[in-house]
Structure formats: structure tokens, C-alpha cells
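The chains carry the letters A, B, C, D, E and F, assigned in the order they are written, with residues numbered from 1 in each.
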Amino acid sequence: MSVTTLAEHKRNDIADKWGFVVHPSRIHRSVYTDGDIFKREMVNIFGSAWVFVGHESEIPNANDFITRRFGGRPVILTRDSTGEIHVLFNRCAHKGAKVCRADRGSTKMFVCPYHAWSYNLSGRSVSVPLRDAYRHHRSSRRYNLLQVPRVTSYRGFIFGTLNSEAPEIEAYLAGVRSPFDDWIDRYDGGAIVVTGTPRYRIAANWKFVTDNQGDGYHPAYSHLSLLSMTSQRYGADRDMSYFGGNVDESRMFVKCFDNGHFYVDQRPEMFADSAWAAQRPQPGREHYEAELQSRYGEQEAKRLLELAVGAGMNLNIFPNLLLIGNQIQLVDPIAVDKTDVWWFATSVADLPDEINTLRMRTQEDFPMFGEVDDVENFEACQEGLGIKEDEWVDCSRHLNSPTEVQEQDGIRALVTSDLTMRTFYREWQRLMRSEVRIDLSNQRQGKNG
Amino acid sequence: MSASASKKRHLLGEHPGPSTYVDDALYDRLLKISAQWSEAGLAVPASQAATVTALLNQECRLLDGGRFEEWLNLFVEHCIYWIPSDVVPQDPRREITWELQDRRRLEDRVARIRTGHAFSQIPPTRTRHCLSNIEIWAVGADELRVRTNLTIHTYRKGKQQTLPCMGGYVLQRQAEDDWLIELKQINLIDADQAQGNISFFL
Amino acid sequence: MSVTTLAEHKRNDIADKWGFVVHPSRIHRSVYTDGDIFKREMVNIFGSAWVFVGHESEIPNANDFITRRFGGRPVILTRDSTGEIHVLFNRCAHKGAKVCRADRGSTKMFVCPYHAWSYNLSGRSVSVPLRDAYRHHRSSRRYNLLQVPRVTSYRGFIFGTLNSEAPEIEAYLAGVRSPFDDWIDRYDGGAIVVTGTPRYRIAANWKFVTDNQGDGYHPAYSHLSLLSMTSQRYGADRDMSYFGGNVDESRMFVKCFDNGHFYVDQRPEMFADSAWAAQRPQPGREHYEAELQSRYGEQEAKRLLELAVGAGMNLNIFPNLLLIGNQIQLVDPIAVDKTDVWWFATSVADLPDEINTLRMRTQEDFPMFGEVDDVENFEACQEGLGIKEDEWVDCSRHLNSPTEVQEQDGIRALVTSDLTMRTFYREWQRLMRSEVRIDLSNQRQGKNG
Amino acid sequence: MSVTTLAEHKRNDIADKWGFVVHPSRIHRSVYTDGDIFKREMVNIFGSAWVFVGHESEIPNANDFITRRFGGRPVILTRDSTGEIHVLFNRCAHKGAKVCRADRGSTKMFVCPYHAWSYNLSGRSVSVPLRDAYRHHRSSRRYNLLQVPRVTSYRGFIFGTLNSEAPEIEAYLAGVRSPFDDWIDRYDGGAIVVTGTPRYRIAANWKFVTDNQGDGYHPAYSHLSLLSMTSQRYGADRDMSYFGGNVDESRMFVKCFDNGHFYVDQRPEMFADSAWAAQRPQPGREHYEAELQSRYGEQEAKRLLELAVGAGMNLNIFPNLLLIGNQIQLVDPIAVDKTDVWWFATSVADLPDEINTLRMRTQEDFPMFGEVDDVENFEACQEGLGIKEDEWVDCSRHLNSPTEVQEQDGIRALVTSDLTMRTFYREWQRLMRSEVRIDLSNQRQGKNG
Amino acid sequence: MSASASKKRHLLGEHPGPSTYVDDALYDRLLKISAQWSEAGLAVPASQAATVTALLNQECRLLDGGRFEEWLNLFVEHCIYWIPSDVVPQDPRREITWELQDRRRLEDRVARIRTGHAFSQIPPTRTRHCLSNIEIWAVGADELRVRTNLTIHTYRKGKQQTLPCMGGYVLQRQAEDDWLIELKQINLIDADQAQGNISFFL
Amino acid sequence: MSASASKKRHLLGEHPGPSTYVDDALYDRLLKISAQWSEAGLAVPASQAATVTALLNQECRLLDGGRFEEWLNLFVEHCIYWIPSDVVPQDPRREITWELQDRRRLEDRVARIRTGHAFSQIPPTRTRHCLSNIEIWAVGADELRVRTNLTIHTYRKGKQQTLPCMGGYVLQRQAEDDWLIELKQINLIDADQAQGNISFFL
């Protein structure tokens, strides 16, 4: 009844709604503001793609668990007594109570607080009090928790999918696998350890976060306060100053892959000279720098210190995993205009304590000095897109540009190109168009193996 | 008002010098102090309590007035501002915090706001820092600990919020009856939960 | 658009939606989570059944009134100047303002604060200022408040219905009338007086409360803290300890009736020996016990003290009246996931003050030591049922059990049987299936009698 | 699914929904409570009529701006560098961020904080960083802000419309133009200056405010506390006492015009003798009165003081501009049950400071002593209308009364007549019935002129 | 408790006399005082602070108890109650306020509520006036300034709200250790934003 | 800190003895005390006020830290904890309360939480008990009354709440400058309205 505009009117009449709202050069506002589209995303995107759930180092030992959301569904990420990882629905098989009420912990089993049905960390029923009264249930699997049927760890990153036909994770990652490996392999085999997962709640659609991840156009403007303050206090040519001027002439670039993945590579600028030297100073910088130099000598200290700054890559692994600097981001949609963004901080096993201490302080820099302004802009977009008469979000920057280079595993483009968004929404469109039916009923049939 | 504070020592925008005081000894000290907020020591005499309370009231008033340069002057040179990201604060060397700032980076924070382009603070978060349950005790001759319930009411973009915190202060004596802040530690009631825009000073 | 699951998909296609969501052995999650179903309940259940509104002792005198909700509608429960009871819609006949703004009180009339149309406590218009301007209204009943057309008091319990074809209350109560009478008649004619109506707001669907009322399976688990604490501090065999072990072997039972009513009888265990002796101690217990013994002698004191503990029955009178211990519960749905539960405390006229004082302290025990944990579980169910892929709430306990006994007025079953839920939802299903049209227009036609 | 009543049932079946909900003698409750109707109002009423946005004195100088809502849309009311007034959509042409984050100010341009697209106060693009990447956009107007296409100032009052076929403002005002002019011309050419715009948020539909504006029936009752207090403390025959008794016999009247406008004229009573003398005393009254008398003499002081009290007119200029006393009200709908009411206080240029000081204190009287009770009643109506079974809001007072006088420019009726409401809803119905399509796409085509 | 306050001087409902003290000099004074809340002066001695705090606690308690006539008795005859409608209070001669009341109109406000027909206060807004960050200083011999964070928690019709305010008081000496309120100024954190039902006393 | 409190007298889990002090005389006393909170008596001297405030700050700190056994030690043996269910508290013999606990049942409450199965407190409600408007006066030589505005900020399961209360304390002298709590009375601002999970200690 509340159709306002010609375009919206048209949309209601057309057969290919998804073709309409995602256009090669623009995205319709409803993609960010329509509650029904959001509900479908929770099924068609988060019920179909490989969804990032957490990192193995968060549940290092057998019997460890943490709770998360999986496209809005409350889940428990567990490592069972054999070390196997599961993503269990936090929902009792009896009358539906959440069985786990803690954010994290370690336990042999979850005992539902209502009638004490209990489950081990594989989701298997351990006991049902006075079970005789349920003789009519033919399968003992009736008493299990449902779980995400396919869960995999790609080098420590745990993904799950509700889609039984999803490709293997390696195939799914496609071309982004290579920069993903680069990010992981930065430390000569030193293992990444998550050291804190602060979360920000933002009053904006989740895709503003992913759009921004591939947006090499915004830093000079959205982060102007950071750049100005830095140059005022620390002089020119410091961290991120390379985003000024005509950044398309810089050595940075974006690269886009199949399945909606992409990344931005800042390394050619950031590590051109010393990234450590260019870094805004962390608390304790000079002390620990001196400490390392005296312990390891000038050259090794220099090498190590380069590992205390960010990785210089922004990866987007469709739909909800981002890698930014040294941090892992999990994008966690709550409502069409409400999103939690988890920032996993990382340390690296085997690196000197001093480096990990500096890494902590480095990783506190950008969230407070930079991200806050982006978030303000995401929320401002959410408000602005409330206006029905101005319908389109532009994603046409460098559209069909001759500067795009088709490489073997993906397309390389100028750093400010919206090709990243176009890549993301092509996959989004494909999934939204499909008809997804999730059927987990087989988990409650047959015998516990 | 603190006599020391009234001497302005820092002009933001100057090239700040190196920061060497954040070392393992300091981290150890922070952890120890943090664990001690659960017990108050013997209360200081009333007159000293009045001096300290006046200092903290001033601190709140300056923050609420957006007078951040003056606010910084209430801190000793080697100060720390700490907002842990867990309900039981962990070692900041091994776990990230919401903020763990030395003086240089506190100045960076103020300088950023002063650029006029800090969009997360345009418009600024309006605050009302309210202190209650103030407990003050001495640790040796020249150090005071102050444990408070710090309730911060905020308003921004049509949304009002209340941030209930434990506010812990360590003060260092500058002269007979003159104190400055070495540490301000803010334990948010929901430190381990999702936060909104906390890009102002708590 | 947001269909997720095979079952949901099927539901949209099938003719008998209500047959689908209420199955003999299970209830579909949407019954607890779907806002549209909730809206229909307010009409089909709360607009059709006899709804509990309050107790006569809350409005003891002519001109007394209290305000309540009636399936979400703001109403005023009044005793008019002749002593007759009414349930008036709190909605001015003029432009719709709530005419009564107080929670309770005593008045000769309600004067609408907007244009001073006034009404007596029968809902009849008293005056309309400058009424000449309404000459075109043909009936003077045009100026009356609308009211619940049928209101009755069953032995002090006030019920109303919007359904002109509802049976008389006695017929409606069917088999539950007998235990209801037992509950009322416990005091040899001593009248029950409501002494306070604390209310709890819970973030869960209202039916979790009624489901729980007939659930003899949960006490040993949901109330584990209460049972553990009691046995730790006061030894074994105290109040409710009989819910431990295989409770189906206890002497307790449930009994289910027509029209959705049922009750759980704990009396065979609770009053096997002295319920007073087994009771967790109230504040003042020993003092008042001694007092009574010295005043009335050992034996009469013993008899009296047994009246200071709960009644040992959990009654569910469909849809929203529960009797639990000595308390009356009014279940007051606000939204699909928000409910107020009113706990009416009771005293008994003619009992010694000491007994009534002890009753107050007894009635403060379970809400704070037991109910709080149930409520936590209701809210945990509401959250868990948010997961679309796990669709069913089990109510199959002792399904078709040979232990069920068809008695003259109802079916008796084991105390942990879900027959109580099955009884409730059979009636719920019948009403939801029907087409209900509420037409009160005749109240505004003809002459004020 | 949740249809309750015969009337609602009927409504779903009938072709002319708008004919059903707006009846000559009554309005259906859904007009105030239905979220879908509200959404349609934002298009069909606020997207079609001339909407009041603000007053010229709020943006007195070139480059001044304030932000407002326009039927829910965030807009910026600007005076550009040439002095021309615009109502710009606060929504970046790039990715949709709000470009202006301040409530008011003065600036040469708005720079979007996300990617620094900038706009002058006419909404025209000033610059797009690295614009080369958008060569495919054929029109440079692509980079402009959208704006309300027709904006006009009627003697300082700024109106805008999204309707390209709306009549000129003078024709739109129709008969209300004359009392509107009276209101403006009260000061012998002294210009009205807005001096503060306090806002009240009320939990009620916006039309309760406009209904009330034409309601001469309510003052004696809704404002009883004000009238009682005044007569207790200051004696009879003070301000507004003429609303007592049979107010229809007073000299006051209402007058209703085309296009939904109307006004209530209290002047015949209020200014019968001295309105100043009858006024409840303001802070400083006696001091400034004496001051004026000594400066200007008795008689001129008397004349001036009559300008320190209200205008004695309640104007309603459809849909959202009200004039009440000396204040301008902007009715600003936020949700179906949430409204902001802006109260613009006014001073008058050229009047003595003492008069303007007294005016400030006068204008603080009614909001705190009278309006608060009306608002309470609006909110009570919103709650009462939640009851589905009592469906109609009466607007039949003096329906078809022979006392109505058709005058040249409108119909004059008794002061308590609901003709005002009937006038408003006739226009409302006409607009809601129509099919409105807002198409601003031409603003992004062609050349910036 | 204030000795002066205990002498009841006003019966509401009498015909109030003229109000002549609200003149340009008073407005100028209000503006000046308002601008001075950002700096606290030298704290008064502890014993005086105790007296003043007791007075303000009483003020809050009387408001929360709905005892408005007694509350009025805590104010001097020529008192002002001021709630600006802007974050930086403007000259009330040139900009409207939420409230700027002299004694007469304060009495009108109370009298209105007492009619029994003040529907915006039926039922009444329940309040809890909480004072923190109390700073007290003298201006001359007979005037005190008190700057507080005044947090008002309210409940009405199922809705709870918190109104964070700066509460500024000017006290006038009535006798040796006896003070009454000349001015109560309330700066709402969102003074320039839409307000709900604020028809109670803040 | 209270000297008496530091002597631990109770181990929860022991079989508690009979409770005989809750009699009609006590109920009468509660009603009388409750009616007297509207007037503060003559303020106690500053040094005593400091002692009392320290005790209450400790009480809040122990509650906020979940240290309920230590908290119980701040109460005299014959103590009462009372949360009326009406805005004007009625006689608890004739009207139910939210809580009216003697020591034995307070211990039951603590013991319940300590079982590890008190699901309404898994996870526990996080609290910040904030005291303001503290008024302290003596009634006879060995009894003090303390009237406060007690604002309790809570966090649990993603939801933050503020509970504005009148907190009334009756203290009994244990030794010269040593006091314990006899009565803690909490008047919720919405005592007569629906409450959420209040299964923690207010």
C-alpha cells in the first residue's frame, strides 16, 4: 500500500526482483532497509554460503566452547572430547530452551536447565531423565541437538554451512585463498592466537561493513581526522598517508574473485619502506623497541617490529569474514539496521612477548581512531537511505574500466574501484534469486552412529 | 582545584617526544592495582577527602564541558587511561582492551577531535559523569587510591544512554595538598559485551 | 518470502493450518513466536473463552474499581452502586480516550478528562456536556461505554466473555469445577481475600506459563537449586523433595478435563504427613507457631498451621487462570513474546491473624526461590524457538500411555504426563480454527434500560 | 488473519476503503492506529500537499541552514548564497549518507563525511573527488542532492511540496489566507521572528493534534485545572474563562475552508475587553508594565501590552501548520503513534524589548499549564483506540446544524462544532484515495543550469 | 533543615500580590550566573558543606514526596526556577525557555496540580532526584553557589526515564547557618531536543 | 570497615536455628520506621557520617562483587531485608511483599545461589549499587537511620536496567564507632508495577 516511487512500483510488477535491485552499477536502497529482504538473507545467504563462526584458538582444548550467532541463530561452537569441532544449535530437543547460558567455558556436557536433558559437545544426547515415557520415539537421535551439518576449519578459521551441496571450502575460497594464505603465513609458521574479541554494535545494515572493506576511495575522506592529526603531530608520510592525492596512481590495488570474495592490497605502499617506522606510535613503543634491539640486534629487531604492525591487506571472504590489519572481523547481522562487528585481536605464538605486547597496542589504534568514523558513516547511510524517493546506492566507480586486468585467479583493478562491491553483490544476487530449503530432519532419524 | 593542574604543560600539536614509561613493570603494576579495587583501605581524613573529591569533580566537569586539554592537565606526565574489555581485567599485554592509552596517545585522541573532522564526535557525545560511592585510601605517603561508582549518562543523535562503571583512580602527590591522576581505570558493567559509539572520553 | 524450512513451506500450502501446528505429540514453534498467531489468539481465544479478570475481594465495596487487560484490551473491573460487577472497556464513547487513568480506587463515576463525558460504574452515560449538539444520535445508549457483555463471578472469581454463545460458567468449567471447589473450600467456609497482586513481566509467550502449570516433569530439574539448598540446610524429605527420583511412581497425578482445563495433584505426597512440618521455614515461623500453640493448644494449632502452607494443587482453568499453592495467577498476554503474570496473594477471613501472617511469608517463598528459575527457562525457550530449522516443541510424554485412566469427569494420568499440554492445545486448536466475529454494536442501540 | 469485528471484516471486502474509514460523522480508529495507513500518509498527504517546513527568520542570512523532517524524510532547509530557499534531501548522491550532521548552522557547502562529495546550499554538486572514475554518468546533475521541487515562502512561512501539480500556495490556502494574513499583520508591519523552537514528543498519532486545534468543545474540560487554578488565585473572568458554560452561546466561532483548512476565532471574547488585563500574570508583569507606562504613557502602553498576549486564533493550515496564540506549531509525524510537535516562539521586530520579554513569558504559560493536559488526552485516545471492538471516533458534533452559515470564503459554525474535523478529513480522504507517484528522476538528468 | 524554611509563609490560593523583581537586572544576573557554572570556586568549609548538602537533600526529598508547598518554602521570596531550552542557555528575554518561573507562577504550578484536574499529572510522575558531584563555593558573604549533577529518575504510565541534568543552585543566607534557594537552574542534557511529559518539577 | 563485620559468624549450610525475632512487635516497628523515612532528623557529626558512609559503600561493593556471605556479615543477627510491593508500604502481615526476609531466609537465598543451579542467576545479574542523597540521623544512643537514594544499575543477558529506589537503613551500634545493619528497606520507584528478574540482591 505504501509504494512511493516509480521504481518501487515497477519492482512490484517485475518478475526478476533480484535483477532489479542489484544492477551492475547500482544497488537499490531496499537491499539495506527492507526487513523482508533481511529475513531472506538469513536463509539464502547465511543458510547457503560458508559462514565464518570463530577461530580454533578460541576453543583450544577439548571440551571448550563459545556461543555465537549463525545468521541470527544462537549456536554453540564446541570442541568435543575427541577434539572435533561442532556448531550446535543452542536449542533443546525437548521443548526448545537454550541449553547453554554461558558466553564461553569448558564442560563435558550441556545439561538443559529445564528438564535436564543433557548433551555432549558433539551434540549427542547423553541422557533424558525418565526416558521410558518416550518409547514412541523410534530413533535415539530424536534426543540430539541439531547442528550445522558441515563444519570445517581452514587453517584455524572455522566455517559452517547449512547447505549440503556447498563446495569444499578450498573450492569455495577460490582465488581469495592465496591472499588468505599470505595473511596466515606472514609469521613463518607462527600460529595465530585470538586474544580478545571486542564487539561493536552499529545501527546499520551489515553490508555497509563489507562494502566498506573493499572501498579504497574513502580513507582520505572518512579518516581525514586520523590523517590530519597524524601529519600535524608526527609529520608527513606516516601510516595511511598514501591514501591522499590521486590514490589510483598509487601502487595499491584491489583484486576480486569468484563467489563474492575480494581483497585490497595496501602492501605495495605500506611496506615500501618500513611500516613500523611509519606507524603512529603505540604506548610503550620506544621502550619495547629498545628492548628488542638490545636483545636481538638492530636487524632482527627491525624484522620483528614489522610484524607488530598491520598486514596491509583488507580481505573479504563472502559473506561475513573480514581480515583487516592484524585483526579478524566477524560481521554478525542482528536486524536489517543492526549489526554486531566482532574484532578479533591476534597474537602470534613464538614471537617475542614484546612484539605481541606492541601488537595489542597497535590493534587498539585503528578501531578508536579510524573505524569509529566509518561506523558513523554507515549509520548515516542507513538514515539517508530511509528516503524512498532517492533510490540508488552507486557502485559504478571505474565501471568497465580498461584498467581492469583479468588475471588467472581473479580481476585486478584500481584501488578505488567499486569492482569489489560489484563482485560481492553479484554473488549476493545469485543466492537471493535461488530457492533455498533447509532440511535437517535427517539428523533426528536413524541411529546415533 | 589542583595547583599543578593549573600550570599548563602541554600544547597539543607539538611533536610529542618518545614514550618510555610503558614497560613490563608498569603493566605489572596495573594488574596489581586492578586486583585491589575490591577492597578499600582505611579512609583518608576528611580534609584530604575533600581535596580529592574536588579534583574528581573537576575532572568530571572538564570532561562534560569538552575541555579536554585542561582535563589532560589533571594527569601526571606518565599517566595511563585504561578501559579493559573484560569484566575481570586481564593482562593488557595478552588481551586487547577498549583503550589503554599513555599520555601521547591521549593527546592523539584529543588532537583528533580538534581537527574538526572526527565524524564519530560530530556532533559530540554529550556526557554527564556522575560519581558516587567514593572510597579514598592511601598507599604509602604519596599515593592515593580512589574507588568510585562512575555513572556516565550520554546523549547523542537522539539516543540517551547510561554507562555504569567502576571508576578507579590512582593519584600521585605533587605537593602538600596537591594531587594529580596517574591512572584512570574504567570498568564498564558490560565491558565484555558489544559497545556502541564510545569514541568520547569515559 | 522468508520461508525457511520444509515444514514451514508445507504449512503455507495446507488447508488446515491449525491441524498442522497442533499435532497430538508436538506443537509447532510458530504457536509461540508468530505475531499473527498472537493477534488471532486475542480474538479467538481471549474473545471467545471465559477469561479470568479478577477476584471479588479486590473490589469489595460498591463503587470500587480496578483496571486490568482483557486479552490486551484495557478494561475496568467495577462494582457498581448496586453491587453488580462489570468489565467496562476503558475507552470513551466520544473520541476514544481512556476514561479511567488510575490503577484502582473508588468512585461514583468516571469523568473522561477530555470533554467530560461521564459514566457510572455500570458503564452507563451519566452526562454529556452540551449534549444538544448530538440530537442526531438516535439512541441514548450511544453514550455508554462498551463492556464485556457477559460477566460472572464463580464463587468470587470474576470471569467475562465476549462470546454471546459461550456456555454458562459451570458448564464451561466442566470437570475442573470439582478441584476448583476443593481449593476454595479448604477453609471450612473461610472466605478468600486477595492481599496484594505483585506482577512479573516475562520475555516469553504466555503459553509457556500454562504449559508449565501442568508439567510435573520439570520440578526436580528446573527447581534443583531450591531442592538442593533445602536438603543442604534443612535435611531430606522437606517440601517438594517428592519430585525427586522416579516421580511417576509417586502418589501424585494429573487430571485433565474438557475445554482445556487440567490440574496437578501433589496433595497425596505433600499432605501425607505434615506439610507444615516439611515446609521451608518462613520468617517468624517459630514465634507464631509457639503463639498459636499456646493460644489454641497443640492439636488445633497443628490443624491451623496446615492452612499456612500451599494447597498442593496446580489448577489450570483455560485460558488464563491458574491456581498454584495459595496463590491465584492471572496470565496476561501483552505481545507474542511478552507476558505479565499476576500473582494474587491470599489471606483467609476468620483464620487467626498469625496464620495469615505466616501465609504471607509462605507465599513469598516460591516466587523468589522457584518461579524465577522457571521464568528463566520460559525466556530461554522463547529464544531457542527463534531457530526456524528446529520446528517442534515436544508434548508427547506418556503419549497414549496405558496408565491413563478415563474417570467419570476426566482423564487421570501420571504426574509427568504431557496430557495436560495436549488437553490445553486441543481446546486452543478448536478455537483458533473457528471464525470469530465480535459484534457489540447492539450495546449502542435502543434505550438504556 | 486477525480481523476482529464486523466492520473491519466489511472493510476488507469493500472497494472504497477510504470512503469507509472516513464517514461524515465519524472516523475509523484505524486512521489513527494502522501503520500501513501511516506509511501511505507520508506519501499521499505529505508527498502531495504543501507541507510547512520552517520560518524564514530561522535562516535569516545567506548560507544559513537548519535540519527538519519532511513527512519523515530528513531534509535541510537552506538559504543559499543568493538568498534563495531550498529544502534539500539530507542524503548523499553517492552512497546515501546524511551529508549534514548538525541541527543548524551556517556554511558555504556540505561536505559528505564519507567520500567528500560536496554540495552548495542549492543542492548543486560542488566537487566529487577523483571524478574521472565516473565518466559514464552522462549528466553532471547526477551529483546533485535531490530536493523538494517546489518551495515557496508565504510571507515568511516556508512550504514545500513534492507534487508538481499542486496549485500555487495562495490558491492552496484558499479561505484561510485571510485569517492567516490577520495573524501576520497584527503588528502593523512588525516582522515576526522565531525565538526558539522547543519540541514535545508525544505518544500519539499526529492527527490528534490537528483534531484538537479545531476543537472548541474541549477547553472547559481538558483545561479544567488551568481554569480552576486561575479563578481560585486570580478571580473570575480571566483568560479562557469564556470557554465555560454554554460556549456555543459565546461570540466565538469556527470557520472552515477548502483544502482542509479551518480556524477557531476566540477574539470576540478574548479581546472584548482587555486581553492583557485578563491574562494570567507572567513573571515580571508588573515591573515591565510600569516600565512601559512610564516610557510610553498609559494609552500606548495599553495598546502595546495587548500585543504581549496571544492572538486569539487557532489556525489549521492543512496538513501540518498550526497557529495558536503567538506560537507557530509544526506537526511532525514520526510513527503512527509518535509525533513531534514543534512550538515556535515568536518575537516581533520593532516592538519594545519589554513587550518581547513579556511575550516570552506569556508563551511559556500555555504549554506548561494547558497543552500538557491535551497531550495526556491524545495519548489516552491512542491507547483507547487500541480496542478493536469499539471502532469509531465521533466527529458529529453539530452535524448538519442549521446554525452553519455558508459565507463567501468558507463555512462559519458554532465554536464547538466538529465541522473542523469534518473539513480536515474530507481533504485527507481525497488525498488518500488518490494514487500518488513521486518521480524526481528528472533532477538528476540534463545539465546543471 | 533550614530554619527559615520551617516557617511556612505562603498559603497557595490566596490572591498573590504583584511580582516586581523580574526585571532586566535580574535577567542580566541570571545570564552571568549561568555562564559561571563551568568553574567551581574555592570549596566552602566542611561544616558549611554539610548544611548545604542537607538543604539540597531535603529539597530532593520534598519533591520526590510530592510535598510542593513545603518545597516552595525552601526558596526565598524572590526566587527563580529556570529550565533553559538550549544547551548553552540564552538570554530568556530573547529566547523561550522550558520554564522560567518566579514565585507567583511556581505557586500557580503547584496550585494547578492541587486542583485535582491536572491530567498530565494524574497519575503523578514519580521522581527520584539524585545529586552527585556537589561543588559549593561562596560569592561574597551571603551567597553560595552549588553546582551538581542532578540525575532525575522518573516513572509514569509504565515508562521509566532518566533525565541527566546540571543542577545549579544559588543560595542566600537567611541567618548564621541558615540558607534558602534563590535560583534553581536545571540544564537538561538534551535541553534542545524534544521532551516528553515534563510537567512535574525537575 | 565495620570491626564486627570482619568477624565471620555464619557459615552457610549449617543447620540454621529457629528464628523467633519476627513477631508482631517487629512488624509494628517496621511500619513505624517505614513511615519515618519522609523526614530526616538532625544530621550526625561529620566523623560519624564518614564511618556510616564507609559501611554503606562497603555494602554496595560487596553486593556488586557477588560476595554475599561477607555482605551478610554487615547485618546484625536479627536483621530484616524488606522490599515492599506497594509505593506506600503496607503492613507486611496483611499484604504480600517482594521480599521480607529474616536472616535465615537471607541465608537461604545466598545458599540457593551457591548451589550452582540457580538458573535465574546463571549468568548472574551484574549490579552497580549507587548511593546518593545520604541523610543520617540518630534515634537514641545506639541506633542510626540512613535514608538514601539507591540507584541500582544492572546488566544481564544483553539488557541494561536502572532501578531507582529509596534505600533506608537502620544501623545498630556494636561498639563505639562500629555499626551493623539491622534493616535494609528498598522502596522501588515502581514497587507496585510488574517487575522483571529481581532475583538478585537489591
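Quick note on the criterion: a residue touches a chain if its C-beta (ideal position, glycine included) is under 8 Å from a C-beta of that chain, and two chains touch if they have at least 3 such contacts.
In this text the structure is predicted, and so the values were computed from the model without any measurement.
Asker: What are the mutual neighbours of chain D and chain E in this structure?
Answerer: Of all the chains present, those in contact with both chain D and chain E are B, C.
Asker: Count the C-beta contact pairs for B-D and for B-F, then tell me which is higher.
Answerer: When the contacts at B-D and B-F are counted, B-F has more.
Asker: Just how far, in Å, is the C-alpha centre of chain D from the one of chain C?
Answerer: 47
Asker: Quick one: chain A and chain B, Cα centre-to-centre, how many Å?
Answerer: 33
Asker: Can you check how far apart chain B and chain C are, centre to centre, with Cα atoms defining each centre and the answer in Å?
Answerer: 52
Asker: Any chance you could list the residues of chain F touching two or more other chains?
Answerer: Where chain F meets two or more other chains at a single residue, that happens at 46, 117, 119, 122, 130, 132, 151, 162, 193.
Asker: Which positions in chain D touch two or more other chains at once?
Answerer: 101, 103, 113, 222, 224, 373, 376-377
Asker: Report the complete set of touching chain pairs.
Answerer: After working through each pair, the chains in contact turn out to be A-B, A-C, A-D, A-F, B-D, B-E, B-F, C-D, C-E, C-F, D-E, E-F.
Asker: Which residues of chain F touch chain E in the complex?
Answerer: Those in contact with chain E are residues 38, 40, 43, 46, 49, 87, 130, 132-135, 147, 149, 151, 162, 164-166, 189-190, 193.
Asker: Could you list, by residue number, the parts of chain C that touch chain E in their complex?
Answerer: For this pair, the touching residues of chain C are 101-103, 113.
Asker: In their shared complex, at which residues does chain F touch chain A?
Answerer: 117, 119, 122-123
Asker: Help me check something: in the complex, which residues belonging to chain F touch chain C?
Answerer: 12-16, 18-23, 27, 85-86, 90, 92-102, 104-105, 107-109, 111-113, 115-120, 122, 157, 192-197, 199
Asker: Give the list of chain C residues in touch with chain F in this complex.
Answerer: The contact residues of chain C facing chain F are 103, 195-196, 198-203, 222, 224-226, 228-229, 232-235, 280-288, 290-291, 340, 343, 345, 347, 353, 356-357, 360-361, 363-364, 368-369, 372-373, 375-377, 379.
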